[in-house]
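Each structure below is given as structure tokens.
Across the two complexes that follow, chain A remains constant while its partner is chain B and subsequently chain C.
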Partner chain A sequence: MKRTLTFFNLLMIVYVVAPIILVVWMSFTPSMRFEVPIASFSLRWYQELFSYDAFIDSAWLSLRLGLLSALIATALGFLAAYGLVRGRPPGSAVLLGLFTAPLIVPAVVYGIAMLQFTNLVGLYGAFPALLAAHVVIVLPFAVRTLLAALEGQGPELEWAAMSLGARRRHAVLLVTLPLCLRGMVSAFLFCFLISFSEVTVTLFMAGPAHQTLPVRIFNYVSDRIDPTMAAVSALIVLVSVALVLVLNRLGALGTVRK
Partner chain B sequence: MVATAPAGLEASSLVKRFGGTAAVDGIDVSVRPGEFFTVLGPSGCGKTTFLRLVAGILTPDSGRIAIGGADVSQAPIWARRIGLVFQNYALFPHMTVAQNVAFGLAMRRVPRAERGPRVERALATVRLEGYGRRKPSELSGGQQQRVALARAIVVEPDLLLLDEPLSNLDARLREDMRSELADLQHRLGITTVLVTHDIHEAFSLSDRVAVMRAGRVEQVGAPTEIYDRPANRFVAGFLGPVNEWTGQVQRVQGGVAEIMLDGLRTCRVAALPGSAAGDAATVVLRPERLALAPALATPAPTMSAAGALAGRIDQVAHLGNLVNYRIALDGRMLLAQALPERSGALAVGTPVRLSWDDADLAAVAP
Partner chain C sequence: MTGAAAGRAALGVRLGGGVWIFLGPALLLMLAVYLAPLIDTAVISLHPNTPAGIDRSHWTTANFLRLVDTYYWGVLVRTLRVSIIITLLSVLLAYPVAVWLAGLGPRGQTWAILVYMSPWFVNAVVKSFGWTLILGNNGLVNNGLRALGLIDTPLRLMLNETGIVIGLLPGHFLFVLLPLWAALKGLDGNLRWAAMTLGARPWQVFLRVTVPLTLPALLAGAIINFTMNMAAFAAPALLGGTRTRVLSFIAYQVNLEELNWPFGGALAVAMLVVTLGFVMLAQGITARGLAGPRR
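Then we have the complex of A and B:
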């Protein structure tokens, strides 16, 4: 039994990791085609990539979108989590369900809905609309992460602070927030990661002016195919792996998958 | 360190409901200025809810709370000038000891130059000079609780509220902290309300104790008063084991009731308010007030031999300084507590004569 399990685990790892390794490997090919280089390696596709302005623009857009949506979602997520944990409002289970609903609604459905909605209010293709959509998509991750951080901290600390003359906002600012800094950083990075790699909803909403990196890749690949894709994929993998390592160090991965 | 005259606490008709149940169900308590007052009760009796109402953590559904004569029923916690100490210390883990103690001074806008010396003095008060730069996590439980005390008293609160402050400490340390707390409270003269389920803690620290059950105060009084004259069976039993007899009031005269104990004899005890001839009565006696002597030894020691009963020792528990006996007589069990004989505790099966002084009996409400 145990042996079989190990076998399937290995199979899964190979299945998941091997393609990624292949892509990274292929990004160093000197040839014009997608192939695994054996004898000679080259950085020409990276050069190609960096000389292609559209990709650089998209990367900047993704970065800005990711940072901003992560910032907003972390702030909103903290407020939501704080309200749920400390306020214990009636129906808090329902509220939590609402906050995490974007995880359940299929991305395609949400994408089409947002497309129609932004069209309706005349914001189609505008950055704020895209940003709002991303905030909605990443918010559940912020709420979950911060919920866990706040639940680990009893209310006594805030009571003690307030009994010493601190108003609630001071107690939160001086005691609660510094103590869930780790959770805040985790939430932020998490949201950034999700936003940075989001394709489906963005595809519907982006319009020609705001093609994020994943969308740019998607469009590029549907057009033609050359190892530039491998290079850009390798870079995204690098960023993602780095972030996941940091998140793992912060112990944040366990909180979202419950 | 104490600001002017200490303030009293006045709570009247206090009610707090959670859902359908009243955690605090009409409490009237009056704590005198400078007094050490304890709210004692089993878990779930509403004592912590009461403390949180006084602190301003919770808002009462009805009733009134006044600190130093000022109505604070609706005042937020930060406006109440209280010091709070919790069972789990609740020190700010990201601050040093000195920063913890200085927190209240900063919040109350004490000039920066005054803060250092006042923090030093508060730490000295709890015998923690020189610990200012440590982090709470580097201190023992007892030291952390002393920091929590220093943090609470440095702002010179009108009222010090202690929520089971010694419950997380081990037995030995708890006794040390108990006497330290008593010293501190006497020196500062600060009005203090302690909430606990620990009878020894309540009795050794308090000027007066309120015993709570199911959201209500059952009795308020000095420790000896409530121990020797419990108002009802619950208070009697909660404060320690008792021997209990039922009977009937024969007559009441001048505050003394003559009660016929079922199957025994009549005795004269202080009458319960409002009791009259013909009422059913319950009378209790503490085990340490029940004298026992080996049946052969005559005459029975100093006690009035009037009530002497004959029994047989059924169980013996030697506590070191005291011995607990369970004595069987006429199909029921009585409890007695006595100093051990020089030759040790009496053996199981020994026939004994039991007696007591009627002055040690107390009539209690059912």
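Then we have the complex of A and C:
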């Protein structure tokens, strides 16, 4: 019985990781065609990649978007989580529902809404609009991670600081924030990971001028493919796996559930 | 307790109205860049589309009535069929995986969960690209079968519904697996012991103790999984091909190629309403499952 289960799970694991492993493996092919290399390996598609301006642009855009949206969302998320945990204002549940709604509302729906809305307000294809959308998309992960971090420590140390004469903003900045450092780092990395992987909303609203890495691959795969794609994909896999391993060490992956 | 509370109030440690300074920035962002666009789209969906653009002076329900046109109805039925198949397969596969996971040591569980999570955190476009390498006419499977002399013409494994099911399942499977795994771990082991001491065989214990007790978690996960299947975009677009279009891809074409935003908006609103309905159902099941007399 136990053996059957293990065998079944090995098959399942092969199934779920096969496309990921294959893309990475494939990126080392020396051939022009899509062949999984067996005897000879080459880095030529990685070289090709760095002479490809469009991909370099996309990589920078993805990086900028990821870092900025993670930074803003972590800051907003900390403030919001602090307000929810320490303030418990009326309607807390509704607010939390709003902050985490992007987890539930399909990306296609939000993508359409942002396409139409940015056109309405004259910001279609503008970087700030795209950035704002990414902040919205990653905010749930920041709020959840930081809620967990803040709930994990009582308010007593803050009270102590305030009873000794600190103003609230000093108590928050000098006492609470350092105590939440692990949560802040987790939130930031989590947000970056989500922004870095985002395809749908970006594809709908970003316009041709702002193609992030995944959007570039999407448009590219739709008409023509060569192994450069595998090299880009392998780099994306590398970044994602590295981030997830760090997040796992930080114990931050529990917030994935919907 | 009240004395302490009064003391805190006197110290100024209670947040009071100051709470809005903390909640304000995120709230403003969500109102301006989230709720406003969604409401705008809902409003647009109720206006007619004219050659000159959206006619904001007239109101109509025609965009929603068009959803039941034969063509779109067919797309909706296909999307439903594919989504339900993925959900059913996920439910079937979830028990053997969750039971196996729950039987591993803590370290083993962490690593196995990470592996099962990998299709979730690796970009959908990258994964779909990987699937084309496996399922395409010159992909790993077809080349392998040809080399073995088992087939002459390649099997059509993608650019059809099969491709969408194979490609979407791993990433969405997680949302059935995680709640089920949590429920299994939370199960009181004594219940199973009790059943066994009363003479139940292992499969009877599984079917009559484990399954009923974990059913709410499984059901809630299945519903979430279903809504994700219905709304998925990138993988179905890349693995379904030009003939096997699902709802989300039609929404893309209508909004970005035909530029018919009122109808595109109606598609978005329909997807939103259906998704919210199902999610509320799932939350209801979870809440009842936790509060019910069985625990």
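We take it that the second predicted complex is superposed on the first by the 247 of 258 C-alpha atoms of A that agree within 3 Å, B and C clash if a C-alpha of one lies under 4 Å from a C-alpha of the other, contacts with A are read in each partner's own complex, and residues count from 1 in each chain.
In the analysis below, contacts are C-beta pairs under 8 Å (C-beta built on N, C-alpha and C of every residue); 3 or more make two chains touch, one makes a residue touch a chain.
The structure presented is a predicted model; accordingly, all values stated were derived computationally and were not measured.
Asker: With both complexes overlaid on chain A, does A:M1 touch chain B (first), chain C (second), both or neither?
Answerer: It touches chain C, and chain B stays clear.
Asker: For A:V105, is the partner it touches chain B (first), chain C (second), both, or none of the two (neither)?
Answerer: The second partner, chain C, only.
Asker: Just chain B (first), just chain C (second), both, or neither: which does A:L164 touch?
Answerer: In the superposition, A:L164 touches chain B alone.
Asker: Kindly classify A:P178 by the partners it touches after superposition: chain B alone (first), chain C alone (second), both, or neither?
Answerer: The first partner, chain B, only.
Asker: One more residue to check, A:V135. First (chain B), second (chain C), both or neither?
Answerer: second
Asker: Going by the contact rule stated at the top, is it chain B or chain C that touches a larger number of residues on chain A?
Answerer: Larger number of chain A residues touched: C.
Asker: When the two structures are overlaid on chain A, which partner does A:G154 contact: first (chain B), second (chain C), both, or neither?
Answerer: first
Asker: Report, in rising order, the residues of chain A that make contact with chain B in one complex and with chain C in the other.
Answerer: After superposing on chain A, chain A residues 159, 162-163 contact both chain B and chain C.
Asker: Which of the residues in chain B end up touching chain A in this complex?
Answerer: Residues of chain B touching chain A: 55-57, 76-78, 80, 82-84, 86, 88, 90-94, 103-104, 107-108, 148, 151-152, 155, 161.
Asker: Give every residue of chain A touching chain B within the complex, in rising order.
Answerer: 154, 156-157, 159-167, 170, 174-175, 178-179
Asker: Any idea which chain C residues touch chain A in the complex?
Answerer: Touching chain A from chain C are residues 8, 11-13, 15-16, 18-27, 29-30, 33-38, 40-41, 44, 93, 96-97, 99-100, 103, 110, 112, 114-134, 138, 140, 167, 170, 173-175, 178-179, 202, 224, 227-228, 230-231, 233-234, 237-238, 248, 251-252, 255-256, 261, 264-265, 267-269, 271-272, 275-276, 279.
Asker: Of all residues in chain A, which touch chain C in the complex?
Answerer: These residues of chain A touch chain C: 1-2, 5-6, 8-9, 12-13, 15-23, 26, 34, 36, 75-77, 79-80, 82-84, 86-87, 89, 95, 98-99, 101-102, 104-118, 120, 132-133, 135-136, 139, 143, 155, 158-159, 162-163, 168, 193, 196-197, 199-200, 203-204, 214, 217-218, 221-222, 225, 229-230, 233, 236-237, 240-241, 243-245, 248, 253, 256-258.
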